[in-house]
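The two complexes that follow have chain A in common; it is paired with chain B in the first and with chain C in the second.
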Partner chain A sequence: MYRKIRSFVGRRRNWTIPYVLFLAFFVIVPLALIVVFAFSNNEGGFSFTNFRKFWMQPEAMNTFIYSVGVAIVTTFICLILGYPAAYLMSRMEPKRAKLMVILFILPMWVNFLIRTLATVALFDFLKLPLGEGALYFGMVYNFLPFMIYPIYNILQKTDQNLIEAAQDLGANPRQVFLKTTLPLSTPGISSGILMVFMPVISTFAIAELLTINNIKLFGTTLQENIYNGMWNYGAALSLVMLLLIGITSLINSDGSTKAAEEGNLI
Partner chain B sequence: MQQKIDNSIITVEKVSHAFGDKTVLDNINLSISKGEFVTILGPSGCGKTTLLRLIAGFLKASEGKITIAGNEMTQIPPHLRPVNTVFQKYALFPHLNVFNNIAFGLNLKKLPTEEIKKRVMQVLKMVGMTDYEERDVDSLSGGQQQRVAIARAIVNEPEVLLLDEPLAALDLKMRKDMQMEIKAMHKKLGISFLYVTHDQEEALTLSDTIVVMSEGKIQQIGTPTEIYNEPANAFVADFIGESNILNGTMLKDELVEFAGHTFECVDKGFKSSEAVDVVLRPEDIYIFEKTDVAQFSGQVTSCIFKGVHYEMMVTTPEDYEFMIQDYQSFVVGKTVGMRIKPNDIHVIRKERYFNSFEATVVDKLHIRFSGHSFKSFEAVKFEAGTKVTARINFENVTLDDNEENGMLRGVICFILYKGNHYHVTVRTENGDHFYVDTNDIWDYGDRVGIVINPELIEIETI
Partner chain C sequence: MIKRILSSSYLGILLVMLYAPILIIIIFSFTEAKVLGNWTGFSFKLYTSLFKGGVHHSLSSALLNTLVIGLIAAFASTILGTMAAIGIYNLQPGPQKAVKMVNTIPILNPDIITAISLFLLFVSLGLTQGYTTVILAHITFCTPYVVLSVLPRLRRMNTNLYEAALDLGATPFKALWKILLPELRPGMISGFILAFTLSIDDFVVTLFTIGNEGLETLSTYIYADARKGGLTPELRPLSAIIFVTVLVLLIVINQRAAKRKV
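This part shows the complex of A and B:
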C-alpha cells in the first residue's frame, strides 16, 4: 500500500492532478455552462433567442458600442500618457528608473475598489462632478501602469548599438526616435494596448461608482442580467464579450507573444 | 617618421578620456592618411574601442582635439560626421529587411528612390549578396549579416570607414575569407579604413599601418614589418607574434650578454653595461645536433607539431628556457646546439630599471607613497616631510596570494616571461603600477597583496 502511494506521488506527471482538477471545475466547466446557457431558451431547449434579443434590443447594443468606445478612448489616453513616461524612465539611470517603476506600481497593491471609492471621495472633496469625465479619469488612473510597464520594459532592453547605428548613418535625435526607437518598441505598445483594452471592456465597478450609476457599460448590463436571474441572456452577452476579447488578442498575438516571451506581461 | 600632415583625413591630437576617475586614454596622438588602412591593435581593455567611439562621435573626448576631413569634430554629434561604423555585433535593424537596412542612411538624405535603389544594388553586388534584398536580417548567417553591415556603412560613401572588431564573432575559416574580402574592398573603394582588433595576425594581414595600444597609451605606430621586426618595447614584442624576451647587458657596441653567454649583435649607442631587453623570435634561433659551431647548448623539454613547423622548448644548463620553431624536430631529452645570427638579435632599451615613486618621509621609520605608509630603515636619514624618491628593485617586491596580507592591494595586468623568471605588472587600486620579478606563476586579473621588505626600500633626495 505504502509503496503504491509512493510510486503514485513519485511520478512527476501525477503532480499536475490537483491543478487539472481545479482547472476543470473552475474554468472549463463554467465556460461550458456559459455556452450551454447562451444557446438555450428559458425552457432549456436549444435556440438562438438570446443572440437575437441582443441584436434586436437597441439598449444592450448601444451599451456594447459605447463600452467599446470607452475602452478605445481609455487605451488611447493611456498610450499618449504612458509612452512618454516609459521613454523617460528607460533613459534614467537604473536605480532611479526602478524607483519610478515601483512608484507606478505601488497603487496597484491597494484593492481597486478601495482606490475607486477614494477617487469618488476625492472628486467630492474637490467639488468636481461625477460623470463621464470622472469615468475616464478613473479608467486611465487604474489602467495606466499596465500600459507603462510593458513599454518601459521593451524600451529599456533596446539594443543601444541600434540607436548608435542610426546616429552613425546620419539620423538626428528626432529621426532616431521615429525610425528606430518607436518601431522597435511596437511589441511593448501592442502588449500594453491588450492589457488596457481587455479589462476596460469588462469592468463595471468603476463606471457604477464614478458616474453614480448614470452611465452604463457593457459589464454593468451583464452583471444586472445575471443578478436579476436572466442567466441565459447574461450568458449570451458574456459570450459576445469573450468573442471581442478573443479577436483583440488575435490581432495582437504577433506582438504580444513576442512581448510575453521577453517577460513583459506583469 | 613620414610627414603625413598634408594628406591626413583624421588627426587625433592630445586626446585623453576618462570614465569617472579611471583614465582609459592618455594623451593619444594619431594621424590617418587618405586611403590608408590603419589598425588599432591591443588587448581587451587597452582603450582601442574607446578611441574608435571618440572618432565616431558616440563619446566626447574629455581632453584634446579630433579633426576629420579638415574640420574640427571633437564635440560634433555622430550624425554630422563623415564617417560610418561597422559594429562588432553588426547592429542591423531587426524591423527592416536587407534592402531597407542598407538604404537607411540614403533615405535619411532624401535621395530619389531610383538613385537609392541603384546604389543599394551596387553595394549588394560588391559584398556578394545580390538577391538577398528582400530577406529578413534575422534569417541571415553571421557572415551574411556582417556583409550587410559593411554594405550599410559603405553605401553612404564615408571619408573613413570605422570597423570595430567586425570579425570577432565569426569562426576561423569565415574570418580568413572575410579578411581577404575586406582588404579587396579597401583597395576598390580607395577610402581610409580604421580597424580595431585584438587579433595580431589579423592586424598584420590587413594593415598599412598598425597602432599598438596598451593601458590607454600608444606603444608603437608602424608598418606590419616594422612592428614585427623592430618592436619598440617588450610589450609590443610579446604581443605581436611569439618571442623570447630576456634580460641582457650591453657590454659594448655590437656585443650583448644574455642567458649567461656573450653574443655579437648589430645594435649600438648604449651605455657600457647598460641593462637591456633582448628579443629573439622563435624562428630566428637555429637548432641542430650539438657541434662546435653551437654558441650555446640545451636540452629539449617539449616538442609540439604545429602544422608547418615544430615548436620546441629548450632549457639551457644556466636554466634559461627558449622557444624555438624549426621544420626539423628533436626528441624530448636530446641535447642540442643553438646559434643566433647577429642580425636576429633585437636589443631594446628598457623602459625602467626599478620601481620609482615620489614619496614623503613621515617619521624616522616610515615613508609614504602610492597612498600607503611603508616602513623603511633609510627614513631615519631624512627630516619628516621631506620629498624624496623611493626606489625598489623588481625582485624586492613580493606578491602575496592573500590580498589582506599585503600593504597594498592590486591586480595583475601584464605578465612577461623572461626565460628564467616572470616580469609582472601589478596595478594598485589607486592606479599606480608596481613591477615585480618573480618565479611564481600568476594569471591575468589575479588579485594580490603587495609586500615590500623595509630593508629594501632605497631612498634618494630629488
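This part shows the complex of A and C:
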C-alpha cells in the first residue's frame, strides 16, 4: 500500500490532480451554478422567467446597452491614445523603453478605488464638473496601460527587415505604416481591445464615484440584484454578460490567449 | 530632432495624465485638511495619526486583514500553483492543453463574474462567509498567475538533472528539494509577489465573499467610506505609503528579471 502511494506521488503528472480538483470545484462548478440559478425561478424549478424579465424590463436592458456603449467608446479612445504611445516606445532604445513600460504600468498597482477617488479629487481641484466626461477620463485612465502594453510588445518584436524591405521597394513612410507596421501589429491590437473592453463592461463602483451616482453601469446592476437577494435574476444577468464576453473572446481567440499570457504584466 | 521632441512630449503628456491623481493624493497627504483638495499648511499629522491607531481602529484592522489575507492566499496559491505547474509540464499534450485552458478562465473572467459565481457556490453550500471564503476566493484567482509564472522556468530547465538525481539514488522528495525547487524559485517568487499584489488590490471578489459579519479589508473599507461621502483623511498617507512600497517592489522585481537575463 505504502509503495503504491509512493509510486503514485512519484509520477509527476499526478501532481496536477489537486489543482484539477480545485479548478473543478472553484471555477467550473461556480460557473455552472450561474447557469443553474439563471434558469430557475424562486421555487427552484426550471424556467425562463429571469430572461423574460430582462427582456421586458427596459431598465436593466438600457443599462446593459449603455454599458456596452461606454465600453466601446473607452476602448476606442484607449486605442487612439495608446497606439501612438506604443509605437513611439517601440522605437526607443531598449533601456529607455523598458523604463517607459514600468512608468505606464506602475499606476495600476495603486488600488483602483483610491485611483478613482484621486481622479474625483483632480476634477474637484481643477474645478471641472463630475459626470460623463469624468466617467470617460476615469475609464481611460484606469485601462490605458492595458492597451499600450500588448501593442508595444508586438511592435517591439516586429521584424525590422520587413519594414526596411518595404522602404527599399519604394514605399513612402505612410505606406510603410499602413501596409506593413499596422497589419503586423494586429494581434497586439486585438489583445489590447480585449483587455480594455472586458474589464470596462464589468466595472463596478467606478461609474458611481465619478458621476456622483448619476450614471449606473451594468456591473452595478448585477451587484444590486445579488445584494437584494434576487440571486436568480442576478445570475441571469451575469449569464448575459458571460455570453457577450464569450462571443467577444471567440471572435478573437488569438487575442484572448495572448491576453491571458499578458495578464502577467510584470 | 523635432520629431524626437514631439514624441517625448506626447508620452510625457500621457504620463502626466496617469500620475496627476496619484501626485495629488501624495501632496495632500502632507496637510491636515479633512477634504481632499484643501491645503491648510504642511504637516505630518496624518502620518502620525495613521500609526497611532485608536481613533482609526477600523482602518488599521482593515489593513491588517488585507495583509493577512494577502499573505495566506499568496502562500497557498504559490504551493498549489507550483505543484500544478510541475504536473502540467509532465502531462500528455492533450490533457495539458485542457488544463491550461481551464487555468486561463479565472484570468479572462471579469472580476464580477468570478465574484458572483463564487458567491453562489458559497451560499449553495450554506457556508458562512468570512475569512475562509475570502481566502478561498483569492486563491482561486491568484493560482493561475502562479502557474503561468512557474511554467516558463520548467520549460527552460534541463529535465535530465532531475532524472540524474534519481539515478544517483536520491529519493523523489530529495530530488525535488535539491534540484527542482532551486531551479523554480525565481518563478515562484515572482508568482508569490504577483499573487500578493493581486490579492491586496482586489475589491469586487472580496466584496461578494466577505459576508456581513463586519469583516473589512482595505478595499471594502475605502468603498464603504467613499459611499458615505467623505474619505477618511488617513487614507491619503496610507495610499502614498502603498504607492512607494509598490514602486520599490517593482524596481526589485525588475532588477531580478534583468539579472536573470544576463
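Here is the rule we use: the second predicted complex is superposed on the first by the 247 of 266 C-alpha atoms of A that agree within 3 Å, B and C clash if a C-alpha of one lies under 4 Å from a C-alpha of the other, contacts with A are read in each partner's own complex, and residues count from 1 in each chain.
By definition in this document, a contact is a pair of C-beta atoms (placed from the backbone, for glycine too) under 8 Å apart; a residue touches a chain by one contact, two chains touch by 3 or more.
Given the structure is predicted, the values throughout are model-derived calculations rather than measurements.
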{"item": "Contacts of A:15 with chain B and chain C, given as first, second, both or neither", "value": "second"}
{"item": "Which of chain B and chain C A:222 touches, first, second, both or neither", "value": "second"}
{"item": "Touching partner for A:109 - first (chain B), second (chain C), both, neither", "value": "second"}
{"item": "Partner chain in contact with A:59 - chain B first, chain C second, else both or neither", "value": "neither"}
{"item": "Touched partner set for A:167, first chain B, second chain C, both or neither", "value": "first"}
{"item": "Contacts of A:180 with chain B and chain C, given as first, second, both or neither", "value": "first"}
{"item": "Partner chain in contact with A:159 - chain B first, chain C second, else both or neither", "value": "first"}
{"item": "Partner chain(s) touched by A:27 [first = chain B, second = chain C, both, neither]", "value": "second"}
{"item": "Touched chain A residues, chain B compared with chain C", "value": "C"}
{"item": "Touch list for chain A against partner chain C, complex", "value": "6, 9-20, 22-23, 26-31, 33-34, 37, 81, 84-85, 88-89, 91, 98, 100, 102-107, 109-115, 117-119, 121-122, 124-125, 141, 144-145, 198-199, 201-202, 204-205, 209, 219, 222-223, 226, 231, 234-235, 238, 241-242, 245, 249, 256-257, 259-261, 263-264, 266"}
{"item": "Touch list for chain A against partner chain B, complex", "value": "159, 161-162, 164-172, 175, 179-180, 183-184, 186"}
{"item": "Chain A partner contacts - residues on chain C that touch it in the complex", "value": "7, 10-11, 14-15, 17-22, 24-25, 28, 36-37, 80-81, 83-84, 86-92, 95, 99, 102-114, 116-121, 123-124, 136-137, 139-140, 143, 145, 147-149, 172, 190, 193-194, 197, 200-201, 203-204, 207-208, 218-219, 222-223, 226, 231, 235, 239, 242-243, 246-247, 250, 253-254, 257"}
{"item": "Residue numbers on chain B that touch chain A, as the complex places them", "value": "56-58, 77-79, 83-85, 87, 89, 91-95, 104-105, 108-109, 152-153, 156"}
